[in-house]
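Okay, so subunit A shows up in both of these, paired with subunit B first and subunit C after.
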Partner chain A sequence: MGNTVKYAYIVARVRAMKSKLIPKEMYPKFLNMEIPEITRFIGESEYKNDVEELGKKYSGTDLFEHALNQNLALTYRKLIEVSQNEANLLITEYLRSWDIWNIKTIIRGKFSGAKEEEILEDLVSAGQLGYRDLLEIIKVGTVEGVIAALEGTPYYPALEGFKGNLAEIENNLDRTYYSNIIKAAEDTGNKLFLKFLRTEIDLKNLKMLFRMKRAGMERDEITKLLIPGGMELKANDLARLSSLTFPEFVRALEEYSYWEAIADISNEFTSLINIETRLDKYGLVYASRISYYYPLSVLPILDYILSKKIEVDNLRMIVRGKETTLPEEIIKAHLVM
Partner chain B sequence: MAIKDNIKPTRSELIELKKKIKLSQSGHKLLKMKRDGLILELFAILEKAKDIRAEVEKQFAVASQKLAIAKSAEGVVVVKSTAFALKDTPKLELESKNVMGVVVPKIQASSVHKKLEEHGYGIIGTSSRIDEAVDSYEILVEKIILAAEIETTMKKLLEDIEKTKRRVNALEFKVIPELTEAKDFIVLRLEEMERENTFRLKRIKG
Partner chain C sequence: MVVDPSQAGMIAVGAGIAVGLAGIGAGMGEQAIGAAAVGAMAEDEKFFGKGLLMTVIPESIAIFGLVVALILLFVF
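And now, the complex of A and B:
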């Protein structure tokens, strides 16, 4: 079976799902609406069932955020359910980032002695681990118990040997996620998926480099955390960028294609938030562009996964931003469109 | 007057009173100097207190905005989850220092503003929105600790100035005038007794 045939069904489903996403022209309109108006609009949209279901437990903007998260989780899980063979494998591997997020939240919660209900509220079961699996893990009393409960999963190697350093196992989990997903992509021989993934790794490494360089971290500490396997930023590039001073590092980025995303704000380093938002926008535009070139491949699915996440992020940004009385220009600057 | 009723008009009492007056006057002079010194200290600290209060308010606005951005862009769920990772609480050591006899606190804080890699959460899975919210709140806590030290010092200085002022006034308007009055009374009585004695001797001779 050829690649195009393999993806025909799932891509058709994804196209139909993508058509239901909120069009980007709506976001400026949301900015002019009051929170109740936006909530009503959302309550009558694709999020209707989630808002109704969670309405008994939450209210106001909390209801809004939890409904968005639940819808995101159900959408992603639906993708896992309706896909088959290679598509299913790659989607499952890609969405493991949510399993990692949930595992981190459970371990953090156990580490700080939070209640089970508190931890449960912060989980988004959008990965392979379902709500029930996560519930079982939460019931375990200690961090060590949670790690033992995950024995036999792809996450265990990153967790074993935990000696109380939470940041270390969190970083291990993220690095394991990327090495596993690269391996899975290489095993399937899906070059398009690998290309997408390597660009995502580059963007992730760039964001981290900005943060770590500005924080003045040492070269060895930086290289230890960077994720190998990027598209343009190979191991020697990462090693070179890690050893430069912050201004040198920024100048050195001119050599890479990602520079176009940040060139006009490359002197504004009082905050890195704008840089991160620009790189996120670059990732979204990139995914959307390459998915048009290869319409019957894994790329339209990945583009949809990103677009759905961006929709949830944008809606939350507008509603929470309005709730916390953030100036409109700040809200606008954070919208990825 | 009550003071005159309780005073024995004797020479020894007069000597005792003169000693007390001298002591009160030198005490009054010293306390006045202390009061003036404390007022000068207070003015210096007042400027610092005003500055730090303004800085705390400014930093609070910055931190609130950074947290609002983190909550809006990343979600409350992410902010709460990341907050679970922070187990370390700032360590405060309370020492004291002496400003013109007034014991004021000196607060030594550690583990407040931490480096990026010491925040407790992993760097790969988080964003600069979280970093900036954490950083700005850590800076706010540092400023609050400094403000607490300065404002407590100011409060203690004010209390001591008030106490010293009351003592100076009591010495100046009550203790010293009463002692002086008592001394004058004894001098008068002793002179009177002297005159009575002279008169009595003259009458015996006559």
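And now, the complex of A and C:
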């Protein structure tokens, strides 16, 4: 009874929000539209306020990009604001992934000497670091300065000791995020949340394994980049998969349930994009399915968070693809629907 | 039917319990539905009608309790 009441309000609200997402039947139509038409459509949808607000400052695809990011950040912030107790804690912890995203973006930007505005374009202030915090951090000139500005946050231990290796601290940030969130989930005893997280870790590790295997990296280098705590891919599975050659690795994957996501394209593993899109889709379908098994739990909220992110990614892909005149098939291959 | 004063008292207690427990049961049912209805309405006002209808459905339990209480009080 307790759990039912605790989640009734937020789940009903999230379900109503999910019903307003752009239906997947719309994406093929977007592919036939021009950028101004898509922007007009978006300007009349749930993104209306963001497009109107930012319309004075930006135009074209920049307006589109900023409106999507702002809407995503506001939607996620709203979830934190309207939830209570356990749901609030779990959503807050889960959305810390955006802090990781923002820190990585700022550090990458500083590392490559990008302008402040360019870095700002890719930030989504949906985590615990607000827009103003991020603005302050961006103003710092160097990577070391950015790291020093983050002192006192939960992310600092992953960043301190930076010696110029960007991949290493990015990997440290991911590991810190997942170890912190798993600890928070274990403290609350919410097994459904843990199950969702562990599946997400598996999918992330699988993507990483595919990329590393394709790049021909050695076992030791690969295992350093993998995140522990997966559902099916435990430490020994990851160690075994890391040591196999690419064809052996593909055959070994048949033992796991994730194989169903990529089985139909097993003869054409030449394109990483196809594999990653399939794995993203698997994650989306999985989240949606288990959210119906446990309707009054944190899962429908996580399903919405994931669906919203994929909607924004799809829209961005379509517009960026059209801007760079990519063929329709390539844009379509990138869409998760 | 003729009832003595002690039986009349027990009937009144029974009627009270029937209404009270039915009310508590209806309230327990309504709290989750009400919370969900308010959540849905906060996102879309169009859910007002459906939300209201869903919220009052457990109220039938309270009516059953009332009917039992009335039967106890006026039939016996």
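What we mean here is this: the second predicted complex is superposed on the first by the 329 of 337 C-alpha atoms of A that agree within 3 Å, B and C clash if a C-alpha of one lies under 4 Å from a C-alpha of the other, contacts with A are read in each partner's own complex, and residues count from 1 in each chain.
Quick note on the criterion: contacts are C-beta pairs under 8 Å (C-beta built on N, C-alpha and C of every residue); 3 or more make two chains touch, one makes a residue touch a chain.
Every value quoted in this text rests on a predicted model; they were computed, and no experiment measured them.
Novice: Putting subunit B and subunit C on the same copy of subunit A, do they fit or clash?
Specialist: Fit - subunit B and subunit C, as placed by superposing on subunit A, sit side by side.
Novice: Looking at A:S297 after the superposition, I want to know if it touches subunit B, subunit C, both of them or none. Which is it: first, second, both, neither?
Specialist: neither
Novice: Can A:R320 be said to touch subunit B (first), subunit C (second), both, or neither?
Specialist: first
Novice: What is the contact status of A:A8 with respect to subunit B (first) and subunit C (second): first, second, both, or neither?
Specialist: So A:A8 only meets subunit C here.
Novice: So, does A:E276 touch the first partner subunit B, the second partner subunit C, both, or neither?
Specialist: After superposition on chain A, A:E276 lies in contact with subunit B alone.
Novice: State whether A:A16 touches subunit B only (first), subunit C only (second), both chains, or neither.
Specialist: Second partner only, subunit C.
Novice: Between subunit B and subunit C, which one contacts more residues of subunit A in the superposed model?
Specialist: B
Novice: With both complexes superposed on chain A, which partner does A:M208 reach: first (subunit B), second (subunit C), both or neither?
Specialist: Only subunit B; A:M208 stays clear of subunit C.
Novice: For the superposed arrangement, tell me the lowest C-alpha distance between subunit B and subunit C in Å.
Specialist: Across the overlay, subunit B reaches subunit C at a minimum of 29 Å between C-alpha atoms.
Novice: Both subunit B and subunit C touch subunit A; at which residues?
Specialist: The answer is that subunit A has no such residue.
Novice: Using the touch definition from the top, list the residues of subunit A that touch subunit B in their complex.
Specialist: Answer in residue numbers: 62, 65-66, 69, 100-101, 104-105, 108-109, 111-112, 114, 118-119, 121-122, 124, 166-171, 173-175, 204, 207-208, 210-212, 215-217, 221, 225, 227, 271-273, 275-276, 313, 316-317, 319-321, 324-326, 330-331, 334.
Novice: Looking at the complex, which residues from subunit B come into contact with subunit A?
Specialist: Listed in rising order, the residues of subunit B that touch subunit A are 64-65, 68-69, 71-73, 75-77, 80-87, 115-117, 119-125, 127-129, 131-132.
Novice: Which part of subunit C faces subunit A closely enough to touch in the complex?
Specialist: For subunit C paired with subunit A, touching residues are 28, 31-33, 35-40, 42-44, 47.
Novice: Can you name the residues of subunit A that touch subunit C in the complex?
Specialist: Interface residues on the subunit A side: 1, 4-5, 8-13, 15-17, 19-20, 82, 296.
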